[in-house]
Amino acid sequence: MPEEKSAIEICDVTKLFGDAFKALDGVSLSIRKNEFFTLLGPSGCGKTTLLRLIAGFEYPTAGTIQLHGKDIATLPPYQRPINTVFQNYALFPHMTASQNIGFGLEMLGRPKAEIAARVDEMLRLVRMEGLRHRRTTELSGGQQQRVALARALAPTPKVLLLDEPLSALDYKLRKEMQIELKRLQLETGITFIFVTHDQEEALTMSDRIAVLSGGRVLQVGNPREIYDCPGDRFVADFIGEANFLSGEIIVATKDRAQVRLASGADILARLPDTAPQQGKVTIIVRPEHAEVHADGRPSPLSGTLESIVYFGTDTHLHVRLAHGDRFVVRRQNSPLQDAALVAGATVGVAFDLAAAQILRN
Amino acid sequence: MPEEKSAIEICDVTKLFGDAFKALDGVSLSIRKNEFFTLLGPSGCGKTTLLRLIAGFEYPTAGTIQLHGKDIATLPPYQRPINTVFQNYALFPHMTASQNIGFGLEMLGRPKAEIAARVDEMLRLVRMEGLRHRRTTELSGGQQQRVALARALAPTPKVLLLDEPLSALDYKLRKEMQIELKRLQLETGITFIFVTHDQEEALTMSDRIAVLSGGRVLQVGNPREIYDCPGDRFVADFIGEANFLSGEIIVATKDRAQVRLASGADILARLPDTAPQQGKVTIIVRPEHAEVHADGRPSPLSGTLESIVYFGTDTHLHVRLAHGDRFVVRRQNSPLQDAALVAGATVGVAFDLAAAQILRN
Amino acid sequence: EGVLNIFNWGNYTSPELIKKFEEKYNVKVTITDFDSNDTALAKTRQGGNDFDIVVPTSTFVKIWIDEGLLLETRPDQMENFKNVDPRWVNVDFDPGRHYTVPWQWGTTGMLVNTSVYSGDPNTSAIFLDPPAELQGKLSVLPEMGDILTLAIYYEGGTDACTSDKNILRKVRDRLVAARPKWLSLDYPSLEKYTAGDFDAGVNWGGASMRVRLENPHFVYGYPKEGYPIWMDNVAVLKTAPNVENAKLFQNFVMDPENAALISAYARYANGIAGSEKFMPEEMKNAPEIVVPAEFLDKGRFTPACPPEVNEMYTKIWTEVLK
Amino acid sequence: MANAAEIATAAARADVRNRWWLAAPALAIVLLAAIGPLVVVVLYSFMVKGDYGDVKYWQFSLDGWFSVIFERDVFDDTLKLADAHLTILWRSVKLSVITTLVTLLLGFPVAYFIATCDRRWRDFWLFMITLPFWTNLLIRTFAIQEVFRNEGVLNSALLWLGAIKRPLQIMFTDLGILLGMAYVYLPLMVLPLYASLERFDFRFAEAAADLYASNFKVLRRIIIPMVRPGIIAGSILVFIPSLGAYVTPRLLGGGRSLMLGNLIELQFGQGRNWPLGSALSITLTGGVMLALLVYVRAASKSGSGHHG
Amino acid sequence: MARRYSVRRQRGFTSIALLCFALLYLPIATMVVFAFNAGTTVGALEGVSLRWFATAWNNDRVIEATIRSLTVAPIAALVATVAATMAALATTRTASYRGLAFKVAFINQPLMVPEIVTAVALLVVFSRIKVWTGYTGIGYLIAAHIAFCIPFAFLPIRARLETMDLSLERAAADLYATPWMVFRRVTFPLLWPAILAGFMLAFVVSLDDVVITEFIKSAGQETLPTYMLGQLRRTVTPEMNAISTMFLALSIAVVTLFFFLSRKKD
């Protein structure tokens, strides 16, 4: 058993609010030491609740939680080497930014000089040197969030729980903070448990991702697995954009299958072990893995280009397929635009075998 | 004068906190009726402050604010046909979700039945039908944010101020809400003033964007202008990713110039009116407008491929140029990867004239 | 040497007297106040106090003795007992003075502003059947015993503790009818009389004298139907820690010169013969303090009424003030 | 390895420990110096009354309780409802309710003023509220009389201003009692209100104003509901003591009518009926306790969300 | 320019507040004025003099009673506030449980019993203890005062705790603050205004108590209120005003000093 390698071991945890509402429903997760572990899931799926259980503010209705192999159920929060960046910050309103940041170290009884140095370091880290003496009520939303982040980082805990710690920061600053957090993780050996709604953030920073929905864990895996081989339709749909095509397997080999689509066309698609080997199936194709052409080439799918949506770095092409489904294609912008692609044009959609995957039902 | 077309006219507004701290510094903006106007800017640049001035919770230290042509300096917030989604939600903790949403209409003295119907509609809009009787303290972060959004929308104000209204929502839900908001704007004629840190959101939803920094307005324009023709280096850098190359103009014509780069190579670049016509200049190239090739083709810029970062939909290629600068190229992922592109390879970087733009100093 | 703890009515003990006693016997005296006989009795009965001297009113003395709370110090055998006015020796609450020594005595009567009402002040009708001029300008003491006694006498009763229901019914009806015509039911303050808030009322003699000194229009009336006399008496508690000092004090206050100090301070007569000549000028022949001969026999000591009677009184009192 | 049930009980045990040891000093003091004595009073209420006050120990009787509700007529010995007690009870309750309302109406603005003034001045104003009450109640009441009297400061000022033609009779009237009670009990209302208002987060008020609530509506719909615990604490602190008040009604109202406090005092004093006095006060205490119990139950059910 | 809007402004509130302050101080001002009366009453001014101050100053019993009041009240208020704060924490920082309401009512009990009853009952109990132990000191008085002060401190403090959510305390616990440190560094500073209010209430309530003190005081344990009660049946002279005025002046001096010292620290 890789027992000692795991930082947090969550075993079949259920949490009820009131008598009936299951915020968490039989969650089991094993988070490794020094891992950057991300919780992803729709609003209200139980992410914050899970963090609160780990931090010790709530107790599971059923199940156990272990930290470094020891059951921490009866350990009060202040004895857990865990710090939290709270979703609502929870900054102490009667203290300045510096005092907030130094609080944890002070509680650990560190010498004054050490605290001062560490606070300085943290202020620099979150780009707040100039605002150290501000009351937290006089800070902007993003500034407050940065203080919250610095406060949780300052004592260098064993495990850091971050509940959307960068959500109020602008893109540039968020990128910088992402790099800093990643650097810290690699340098300090802290285990990060991270909640974010920013998919790019989740995909670039995480070692592993757990996708939650309605209090249950749907899939755990590294970013590539989650993105490229989503286990089921929910995960596929939730992470990134996805086009779903339904069809029926005609021939299946070890890892691929020929599928007849609703339009009657046949395509080849990857067939993971977990997916059904025959019968009706759903196929997923990521928008960026498909192409649109207006030159009349034959192609398994075709339809009308309904709209062209500009996105800065890229453009989304919404195609209404001949048999009614919608299909979105994402294409990176380049200064040379394809003049033939105008709304209303009849277009063909093409993708490669590797881009199409059959989903678990 | 298109006076009557403008919803909000902000004239040279300055706001001091304390004696010295300028949160806003001579801000002038003219926001048109039914416009979707976005404020973009780094954390702490004064976005929330500006919204608070418009809503009427603070008074400008100097300058005036007009609503539909009338000075509203003396109009209390409750007489301004303006609603706000607050950055920190400010939901009433002693009321349920429904009661929060119905509050504005109740204050306007609408009949009970109408309020009930409207609250239902709003709950549906934000996908919260099942949680109408929850206390707001029993909601998750995202659920709270949705109630805040619904609460501000319910009375259908003339102007809606939204301070990062979707930041706590997951990607899928945020997309849905973006579509709903855009639909509402088009259907109801409400003027939206929107703050977001999500660039994609800003670029896709806005009619116009104002970029703020340190309490000043740097640039106002539609998304394309802001993204493709950033006025200065700050804007260019702040919105999206950008590569900056420094060089000197050798020959300038009406709208283009030949520039000699530090590496000694000459390139052609667009030359906007506002940019200098000679001397040392900075050129911006968006990562997605450049290409990397490893086939040894001659190219004005070349260097070593330092790292390849996977981003789900695309990959970032970090190139260290021969003379030391870094250059990032973004390339959309496709199932067919270029095998020659591995870290350490010597590569050329290429881009088109249209991709390179000379910046205002 | 030693200490002496006195438990007395508030603002009633002359500091000069105490100083003199302290100096004479080298005793440290503490004074503790009470504000009603009931409180004093309740407190002492529960015990655990270190009081030596207590000063109960005539109405209560018998209760104190019967309950066994007082030490039989035999003041009648003390040196200064000879000074006690013979009138106050054989009092029925302590016949022969085996327990107590007189402190002060006084009367409860009518105080009337003659510039407002020129009729006879010497009747309880002043407050029980007020003349038109005085209605709504009357102040009545909130003392159940005194007021019921005055009313009983007014209705022809002779026993302050009567259980005669005919009289009591009349008393109740009388009081119920009179109460709306009173302005206040409270301990009177001098300035409310002098400032014109009250034009008449039921009051104690000493207090009335001070009103008259401020405003000579006021006269003190002794109800001809009968009025109560009270006397406060110095007694020693059975539980007294300092019995010898307490006895010294009993003897001490029977000295005319010392008794005069008491009166000069609290403004009532004492029971010691020969103290007059040491008293302040204005008290020597004040009609409020020296009861004029014609009214002398109308005054009666009120005894402590038996429980059944007291219960009826309480009911009537509650009924009147509800 | 502990299972969930054990964890839950361990956590609950810690919670129970905390709530007992933290409350222990207060509980102990109240138990020793208030509840213990109350037991004495309960016992007294069931004993035979002593002849001159006190009770006859260990002789039990229900007379005290009986007399709370019924009385035997002094004259014809018929049994009837003790309407005197009921009248007095009703008057006291009425006066207390009005006093509570008046102090609330005046005290809320005062507390609000203090809570919203510059932070540095708050303690100062708070101190200013309590300062008059460092002066003894009797002296204060006498001073109030000086103000209210027909020749007093207030009437003189009003006459001088020409606002009135002849002095207002305030002393010895119900208005006088009320004003006096409001004066005496004002800090008991203001301080708890202040304690709750001081923390009020005006961002909620802004949100309401943004939703078309005028400042008055903000007050009614947002501020008042959110500081409700303070309002209730203040009201309890005013209502209960004013039920038992007797010095102020006596001095300012002339004392012609008994209040509940006077009635009970009468039984322990001149009435010498301790069992009845005990029974009356237990009735009062019981009623108030019951009301409070019901309130706390209701509040902890509806208000627990705040703790989340 | 028209008056600026503020969400904090409530029409008339400042006026009512200032009016209340004026009304609160009117009687106090009257009292102070009559302290300087040359005459013997508090009803009619007969010139200005300091005679009553001299009288009061030379009245040992008054001075003693004042000192006793100023000993009992702060001690009682302090102990009561500490106990009440703990109890308020115990009854809010907990899961709701059966008996919670009862505990709250229990702690408020001294408030709900008419003073005279508490007084009589305490008299009975304390007298027994006095007889058994022979100790008749000031401890009884202080104990009784603490008991009836507790609800006055408890209610405001609990009211504030009820509206104070737990998130900050949780954040502190998350940052290694032991329960005691959570209290000292987070709960206490945020609760301070309520604690101060509770303390002040307890203080004035103790300072004002007469009935209970009257019943349980032992020989020589007069407090200012019981001493003044003794004056009630006789005419009140300006001496009482002089005492109160001196007392007031003393309190103002002490508190002003305190303010200055604490302001310096900021």
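Note that the chains are named A, B, C, D and E in the order they appear, and that numbering of residues resets to 1 at the start of each chain.
Here is the rule we use: a residue touches a chain if its C-beta (ideal position, glycine included) is under 8 Å from a C-beta of that chain, and two chains touch if they have at least 3 such contacts.
Please read all numbers here as calculations on a predicted model, not as lab measurements.
Novice: Which two chains meet at the most C-beta pairs?
Specialist: So the chains sharing the most C-beta contacts are D-E.
Novice: Quick one: which chain's Cα centre is the longest way from chain A's?
Specialist: Relative to chain A, the chain with the farthest C-alpha centre is C.
Novice: Using mean CA coordinates as chain centres, what's the gap between chain C and chain D in Å?
Specialist: Centres of chain C and chain D (C-alpha means) sit 36 Å apart.
Novice: Just the number, please: Cα centre separation of chain B and chain E in whole Å.
Specialist: From the centre of chain B to the centre of chain E is 57 Å.
Novice: Would you mind pulling out the distance in Å between where the CA atoms of chain D average out and where those of chain E do?
Specialist: Result: the chain centres lie 15 Å from each other.
Novice: Which positions in chain C touch two or more other chains at once?
Specialist: 39, 42, 189, 195
Novice: For chain B, what residues touch not just one other chain but two or more?
Specialist: Residues 56-57, 76-77, 88, 137-138 of chain B touch two or more partner chains.
Novice: Please output the residue numbers of chain E that touch at least 2 other chains, ranges allowed.
Specialist: Residue numbers touching two or more other chains: 7, 42-43, 120, 124, 165, 179, 190, 229, 231-232, 236.
Novice: Provide the residue numbers of chain B that touch chain D in the complex, in ascending order.
Specialist: 55-57, 76-79, 82-84, 86, 88, 90-94, 103-104, 107-108, 135, 137-138, 151-152, 155
Novice: If you look only at chain A, which of its residues touch chain B in the complex?
Specialist: 17, 40-44, 47-49, 87-88, 138-143, 145-146, 163-164, 167-174, 197-200, 203-204, 223-224, 227, 237-240, 286, 288-289, 309-314, 330-336, 352-355
Novice: Which part of chain E faces chain B closely enough to touch in the complex?
Specialist: Per the touch definition, chain E meets chain B at residues 1-5, 7, 165.
Novice: Please output the residues of chain D touching chain E within their complex, sorted ascending.
Specialist: Touching chain E: residues 12, 15-16, 18-27, 29-30, 32-38, 40-41, 44, 106-107, 109-110, 112-114, 116, 120, 122-124, 126-140, 142-144, 146-147, 153-154, 183, 186-188, 191-192, 194-196, 198-199, 202, 205-206, 209, 215-216, 218-219, 226-227, 229-230, 232-234, 236-237, 240-241, 243-244, 260-261, 264-265, 268, 274, 277-278, 281, 284-285, 288-289, 292-293, 296-297, 299-301, 303-304, 306-308 of chain D.
Novice: Taking the touch rule as given, give the residues of chain E at its contact with chain A in the complex, in rising order.
Specialist: Those in contact with chain A are residues 167-168, 170-179, 181-182, 185-186, 189-190.
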